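A, B, C, D, E and F label the chains in the order they appear, each numbered from 1.
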C-alpha cells in the first residue's frame, strides 16, 4: 500500500520527468518491497521557491545570492 | 485535536462538495471519537492528474489510455 | 484516488473505532465525490500528547492544567 | 535534519513574512535542538479558504458568517 | 531540495531494504531532475495495519479475510 | 489556522525541548502572521535514524561513517 509524497521546487519540471519519477519510484517499491503497482500512489507537490525555506532563508533568496540554480 | 489532510485529484470539485466533505468527516470524528468540532481541522489538497502517479504512470496517462475518468 | 491522513491524539482509540473511521470516511468520499473504495487509502497516525502542541503548549500540559481530557 | 511543513490560509501573506517565518523557525530549531541550518528545510503551503475546514464548515463560510478574518 | 515521504505498511521491512529504497529513490531524483543528494531527504513511515484503511476497511481486516499478505 | 508538522530525528529530545519548540513556533506565527494560538496546532514526529534517508543513505549509516551526531 505505499503512499509516496514527493516535494520539489517548482520550475521547469516537465510531464515526461514526472512520468519518469513515478515509473522509477514505483519500480523501486515493487522490486525492493514486493509492492503491487495498483496499490502504489505517488503525489508530487511542486513548491514555489518563495515557499521553501532552506538554511534559514527562502530558496528564492538563497538562489539569488550566490548559489547556482541547477541541481537545487 | 484531529488534523485531517485529504488529497484528491483536481477537477470539477465544487465548493458545495468540499463543504459536504468537511461536514461529514467532522461529524464522523465527533461521533466516533468524541472530538470537538472547534479543534478539528481538515485541509483539502487538489492534485493535478499530471502530479498523481498510480500503477506506475501518471493519472493523466492512466485516464487517457483505457480507464474511465469517473470514480477515479 | 483519495489519500487521507488522519492525525489524532494517542490514547484509548480502539481497533473498532479506527475501523469505523475508515468505513465512514471512505463512505463519504464515495457518496460525495464518486470515488472508488479500492483506490481510497486512509492512514491514521496517533500522536503522543507530548508531541502535539496546541495554543502554545504541549497537549499533555494543556490537559493537565485545567482542561478536561474528553473531547480533545 | 528537520523538515517542517507549515500550512496556513492563503491570502495576503507577503514574501517578507515568509522569510521571517523561515528565519525564526530555523533559529528555534538551531537554538533548542542544536540543528544545522543547512540541513533544515521548511515548506510553506498556502491553503485556499475553500479548502480548509474548521469547526465543521469551510473557513470561507466560517469567516463570512460572524467571525473576523484577522487572526485566523 | 527534494523531500520525500514514504508511507508503507509496518512488518518485516529490514534495514537493508530501507537503505535500498533511499539509495534508489535518491538516485532517481539525481538522474531525472538533477537534484543534489546532500539536499535530498527521505522519511520512511511504517504504518500499523490497524491504522491503514483500504477499500473501506482496516488493512488488518482486509488481509485476514481473503487477501494474501504478500505484495500488499 | 496554522497547522505545523515538525519532523526530526528521534533521540534524546526532552519534553522540555518539545515544549520550547511549540512555544516559540506558536509565538512566531502569532507575531509574524497575527495567528491565534487557540487555532494553532503543531505536531512533532520523531523519526528513527534507520527511517531517515539523507544524501543517498540512511542517517544511521551516515552518522556511523564519518559524521558527528551532534547538530544533525
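FYI, a residue touches a chain if its C-beta (ideal position, glycine included) is under 8 Å from a C-beta of that chain, and two chains touch if they have at least 3 such contacts.
In this text the structure is predicted, and so the values were computed from the model without any measurement.
With centres computed as the average of Cα coordinates, no chain lies farther from subunit E than D.
Set side by side, the interfaces B-D and D-E show unequal numbers of C-beta pairs in contact, with more at B-D.
One simple way to say how far apart two chains are is to compare their mean CA positions; for subunit C and subunit E this gives 21 Å.
Centroid to centroid, with C-alpha atoms defining each point, subunit A and subunit C lie 27 Å apart.
Annotation for subunit A: residues touching 2 or more other chains are 1, 3, 7, 21, 25, 41, 43, 45, 52, 54. Pairwise, the chains that touch each other are A-B, A-C, A-D, A-E, B-C, B-D, B-F, C-E, C-F, D-E, D-F, E-F. Note for the complex: subunit F touches subunit C at residues 4, 15, 18-19, 21-23, 25-27, 37-38, 40-46. Residues 7, 45, 47, 50-58, 60-61 of subunit A are the ones that touch subunit D when the two sit in their complex.
On the side of subunit B, the complex with subunit F involves touching residues 1, 3, 41, 43. In the complex of the two chains, the subunit D residues touching subunit F come out as 1-9, 13, 17, 20-21, 24-25, 28-29, 32-36, 39, 52, 54, 59, 70-72.
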